[in-house]
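Chain lettering (A, B, C and D) follows the sequence in which the chains are written, and residue indices restart at 1 in each chain.
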Amino acid sequence: MDEAPSDAQQACFEAGIKFGSLYHQFAGTPVSPASAPSLARAIEESIENQPHCRAVTVDIREDELEAALEASSADYTELTGRFLEVEIVVDYGERTVRTAMAMENGYPLMKIVSVE
Amino acid sequence: MDEAPSDAQQACFEAGIKFGSLYHQFAGTPVSPASAPSLARAIEESIENQPHCRAVTVDIREDELEAALEASSADYTELTGRFLEVEIVVDYGERTVRTAMAMENGYPLMKIVSVE
Amino acid sequence: MDEAPSDAQQACFEAGIKFGSLYHQFAGTPVSPASAPSLARAIEESIENQPHCRAVTVDIREDELEAALEASSADYTELTGRFLEVEIVVDYGERTVRTAMAMENGYPLMKIVSVE
Amino acid sequence: MDEAPSDAQQACFEAGIKFGSLYHQFAGTPVSPASAPSLARAIEESIENQPHCRAVTVDIREDELEAALEASSADYTELTGRFLEVEIVVDYGERTVRTAMAMENGYPLMKIVSVE
């Protein structure tokens, strides 16, 4: 049986859009420990433009960047999930969804933290 | 009050991820009427790799491409929402979510079509 | 007849790589007048990580952004060539190449300004 | 002393643009052995739209894909330089430049093969 989507479902859909947008817009960007802070701010502010998006928090993990650069002899690398911790809060109607991305078993897992 | 996310909410979140990924991975790709079919197939097959994704259908609107090229004197343009019609079906647990993207009022609107 | 590439040719090749990278990494990013400055800084600092790149200067044209938003009733848009003015300076061996991108006839033209 | 750019320098600049575009448009795309062929064709045909571009040849290395997937327990991964071999031929005026990308020391190196 079909249902009209609820506000909570709409909020989850919108949160997913923000995560997919964030990851696939910025994955591959050249990044170093020195340039990581400006990139993190730009990611937050650009995705917060999207509808229903209350807040985006991006941490580019400098410890993981340093580890990757020591292993490669290069002085920059490409942004990928290994270097990212992200939280996104979306409001839709009366509902709020909190979502997060972090590495689990070598895969950048995006998940719903709470539906309020 | 918090709730654990339901299968239907998880399905909506996953569908949103696919839409955001699709749009921000491929927006900006050089495209012409001749290259549109190979791009549409590649978009479908790449996004179908993502977890819980049953089917992705992409139509790159050749009428809109032709109109854009006539207006510009160039022989290719960049892929953007104006040229795209997309349907994505996601399964999560016992639930299926159908979603679609098309232009509404000049904006590429992504929406939930049904939650089954 | 083949020639080994000269330093000037290598510098031009490297400058082209930076322009293609910059454009196709960041085209499609959600952008508004408020978020344009952080995005411009992140683009500069990320592309300056690439080899042989002395300096990248990015201006996101807020007048064009405002004009696009007035026409659309939305409060953000997607980054594209229309909103960008970019200069890139590359050094290779003894040679320096200055390059720029700006709109010409509705197309974001990337060009060599000087080979020194 | 400044010089006006030669046709050979312009050809090298244009070839660099194609390489930067190709890499940063498509890096991060979800890819599996089954979807690699459609993605390779789409990359070739999309970049061949760009001005002065005679031919683009893309090989997505299925052996490297298989090795990456065995190591991760996932059934797809993200496109990155490790999986790509690319050749691009650009014509400008009377000159032709042949360029290639392949892995060297763990880094996806783009280089000029010949200037004719």
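Everything below uses one rule, namely that a contact is a pair of C-beta atoms (placed from the backbone, for glycine too) under 8 Å apart; a residue touches a chain by one contact, two chains touch by 3 or more.
Nothing here was measured: the structure is a model prediction, and the numbers come from that model.
For the touching copies subunit C and subunit D, the fraction of interface residue numbers used by both exceeds half; the interface is of the same-residue type. Here A-C and B-C were compared by C-beta pairs in contact; the pair with more is A-C.
With centres taken as mean Cα positions, subunit D sits 19 Å from subunit C.
One simple way to say how far apart two chains are is to compare their mean CA positions; for subunit A and subunit C this gives 25 Å. If each chain is reduced to the centroid of its CA atoms, subunit B and subunit C end up 27 Å from each other. Counting partner chains per residue, subunit B shows two or more touched chains at residues 21, 23-25, 28. On subunit C, the positions that touch subunit D within their shared complex are 1-3, 5, 8-10, 12-25, 97, 99, 110, 112, 114-116.
Interface of subunit D with subunit A (complex): residues 23-24, 27-28, 72-74, 78, 80, 105-107. Chain contact summary for the complex, subunit C toward subunit A: residues 21, 25-26, 28-32, 34-35, 38-39, 41-43, 45-50, 75-76.
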